[in-house]
Amino acid sequence: MVDQPHRPIGKSALQLVLATSEEQEALVETIESAGYQTCLGKTGSMELQKVVSAIETAAKRQGLIDQSLYREMHALYHAILEAVQGVTRGQAQLGDVMRTVGLKFVIVRGIAYENQAEGEWIAVALYGTIGAPVRGLEHETAGLGINHI
Amino acid sequence: MVDQPHRPIGKSALQLVLATSEEQEALVETIESAGYQTCLGKTGSMELQKVVSAIETAAKRQGLIDQSLYREMHALYHAILEAVQGVTRGQAQLGDVMRTVGLKFVIVRGIAYENQAEGEWIAVALYGTIGAPVRGLEHETAGLGINHI
Amino acid sequence: MVDQPHRPIGKSALQLVLATSEEQEALVETIESAGYQTCLGKTGSMELQKVVSAIETAAKRQGLIDQSLYREMHALYHAILEAVQGVTRGQAQLGDVMRTVGLKFVIVRGIAYENQAEGEWIAVALYGTIGAPVRGLEHETAGLGINHI
Amino acid sequence: MVDQPHRPIGKSALQLVLATSEEQEALVETIESAGYQTCLGKTGSMELQKVVSAIETAAKRQGLIDQSLYREMHALYHAILEAVQGVTRGQAQLGDVMRTVGLKFVIVRGIAYENQAEGEWIAVALYGTIGAPVRGLEHETAGLGINHI
Amino acid sequence: MVDQPHRPIGKSALQLVLATSEEQEALVETIESAGYQTCLGKTGSMELQKVVSAIETAAKRQGLIDQSLYREMHALYHAILEAVQGVTRGQAQLGDVMRTVGLKFVIVRGIAYENQAEGEWIAVALYGTIGAPVRGLEHETAGLGINHI
Amino acid sequence: MVDQPHRPIGKSALQLVLATSEEQEALVETIESAGYQTCLGKTGSMELQKVVSAIETAAKRQGLIDQSLYREMHALYHAILEAVQGVTRGQAQLGDVMRTVGLKFVIVRGIAYENQAEGEWIAVALYGTIGAPVRGLEHETAGLGINHI
């Protein structure tokens, strides 16, 4: 039977992206002891391209995905784009519509369902601010993308 | 100067929507002691209309917004739609594209910036599952919408 | 050389859809004396389908388009959808996202460029209110679609 | 009770953006005597960013919004984006899809409902041409965005 | 090295969905001898939900995907939605915007890259007509979605 | 009565865009003997603007459309954008979301319905690859746009 595990992959990614730097270490340990791999980073830009690229690069460098396999890159790419939809809410655009983001990102990868045959999944969580390219003229934003890998 | 407060409104909403039922009470207290009002609920449907309606109804019933003022309804409505974008990631549709959601929702309202002149803001956070209308054929999803009120 | 005529087709449609019932008759005369055909109507619904259908039916009944020719129906249809984008601003949806419209519509058809070889064009203008299905909880909305026919 | 005033804010903005330079002065006077503030300008670009920026700058320079308050910038920004949806009809993009705009813009701000508790609202109306970056290969376009402020 | 195979999966799906009933049998044989599984069907509706459902049901009945595995359903679902984007071109909607489709669909599954480690992929091709719910008032439409499985 | 001709315009365009260089010549002949004009080309870019531009330029150079008539450019432009929707599936963006395309394109123009009064139509078919700007990290993609001219 297909069931959510004790520690859901999306919730893990969201909790980690919301964590303070003090909370991070313990939370990473908890999530990794549930069998997941994790990867954290920061990115900020008026160019969406740089946001996508920063997350992809972190995932490759920290070994979360195997960049020689297109299927892994493809799974990650669509998870990123889905998380970006939550951040941009309707138009996957930043500078083109005169706004910028400052984001923390978390990628979590692993067995996400009790049925082992479901294989590995990947979650991308984003949290930070979006707004005008002027300090203070911004509010919070978040997104979550999930894909099978 | 315009600055994020110690307890950001969007993070508060996301943490509360991710909280277990044991964690909820204490967290509500913490958030409310920071000057916010909160409202929690659950909704699940293949009809997006029912999701929007459930959140609006909870906000009105629990007194989070004044339903006799259109400007409050308007602020809440757009915050809900933005959160829905994160949940649906590209097409604000459920049954029309053969999928259903089961969601927890949290609404947080209050002064969100140190500069009191910024007035009140509203945050809507959603977290739950999205997938085929078959138990288990679903993954997690989340969304956050923020608006001035 | 391709130039805008003295009376642009889109502006004519917008002015007519904004006109009060007292102003309408004289404005229709002015627009028609510039060589255009016009058609006016009202529609209101939570179902987008009924809005599209009401405009198509009016255009056919008042002879603004020849319903036996698919190319005319196709030109009108896309002009309607483009006007609807202005009304719905991002999601071409009404009841699905818990909102309703009350709209006046105007269709204008005719030679829109000084170069006669540009042939006939069609403009669809919409103006009215959009909001919650509760009287008063609504604001104005408008849209303009233009296509060659 | 919540009711439309004698002079609706959106209609005022649309009428002013459609007005000829001869009609403008009298119309501005009529609209301002109804208690609204107004702001007019022109912008043209293949870059959507410049369109958004031109409208924001005009609003700030002419004192229609208080740029030190994020809530005012936020309200204006979303009204602009909604008006842009009407102009671009489906893809909030210009040069990326090989098209350019030449637009007049009008911003109107003030009490828009009889119930004073509804407070101030802002309307952004756009009217002009959209098309290929070649003179004459273009047709009219319009958009209206409205938000509480 | 990652390379396209001699018989690309997407092209195979498109050729098969375009094939006449006389050409179908031989083409299926050619595609299957390249190591792919195939599945064909027809669907027509004003409800997008029924289109998605018809393709999912055919894939399950003909054993192209294992319906007990969510990851397979998830891969197919997103491939269907991507193909639907090509068919609907901008708004994944049918009856809501007063149009209907009559479609042939083809699903192809198998090893799509020379590097066996890339594993299996799935392609969904759609071809048919879209238009008003009146015979003859329609034109052709097509879509292709591809996903790793 | 309005009916599909023996050789549908959209299917002709799709078959030609899928044809190998050996098959092309004979297929062009068959399509042109059915009364259509055809135009083929290749384009590849991370900038959507260059893709649109390459197709427009080919259509003008090869005389498929009369560039002095805006109505012809307008018909072609919207057919291109619709085909691009199939290629990009949800976001008409390339480099902005960190992806690139390599595409073959085919334009077909002519009488597409048995009823001669339906006049000329234009079809744009695209086929190729989309993916990361790294060789091999890509999959196939296709799109079809059709418009009256």
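To keep things simple, chains are lettered A, B, C, D, E and F as they appear, and every chain counts its residues starting from 1.
The definition used in the following text is that contacts are C-beta pairs under 8 Å (C-beta built on N, C-alpha and C of every residue); 3 or more make two chains touch, one makes a residue touch a chain.
Predicted, not measured: the structure shown is a model, and the values here were computed from it.
Greatest Cα centroid separation from subunit B: this falls to F.
For the pair subunit C and subunit F, the fraction of shared interface numbers is greater than half, so the two copies use mostly the same residues to meet.
Taking CA atoms, the transformation carrying subunit A onto subunit D includes a rotation by 120°, reported to the nearest 5.
Most remote from subunit C, judged by the distance between CA-atom centroids, is A.
The distance from the centre of subunit D to the centre of subunit F, with each centre set as the mean of the Cα atoms, comes to 36 Å. Under the contact definition stated at the top, the residues of subunit A that touch 2 or more other chains are 2, 70, 74, 90-91, 93, 96, 121, 136-137, 139.
Chain contact summary for the complex, subunit A toward subunit D: residues 91, 93, 95-99, 131-132, 136-139. Subunit A contributes residues 2, 68-71, 74-75, 78, 113, 115, 117-119, 121, 147-148 to its touches with subunit E in the complex. In the complex of the two chains, the subunit F residues touching subunit E come out as 1-3, 8-11, 14-15, 18, 82, 85-87, 89-90, 112, 121, 123, 125, 127, 129, 135-137, 139-146.
On the subunit D side of its complex with subunit A, the touching residues are 47-49, 52-53, 56, 70, 73-74, 77, 81, 84, 92-93, 96.
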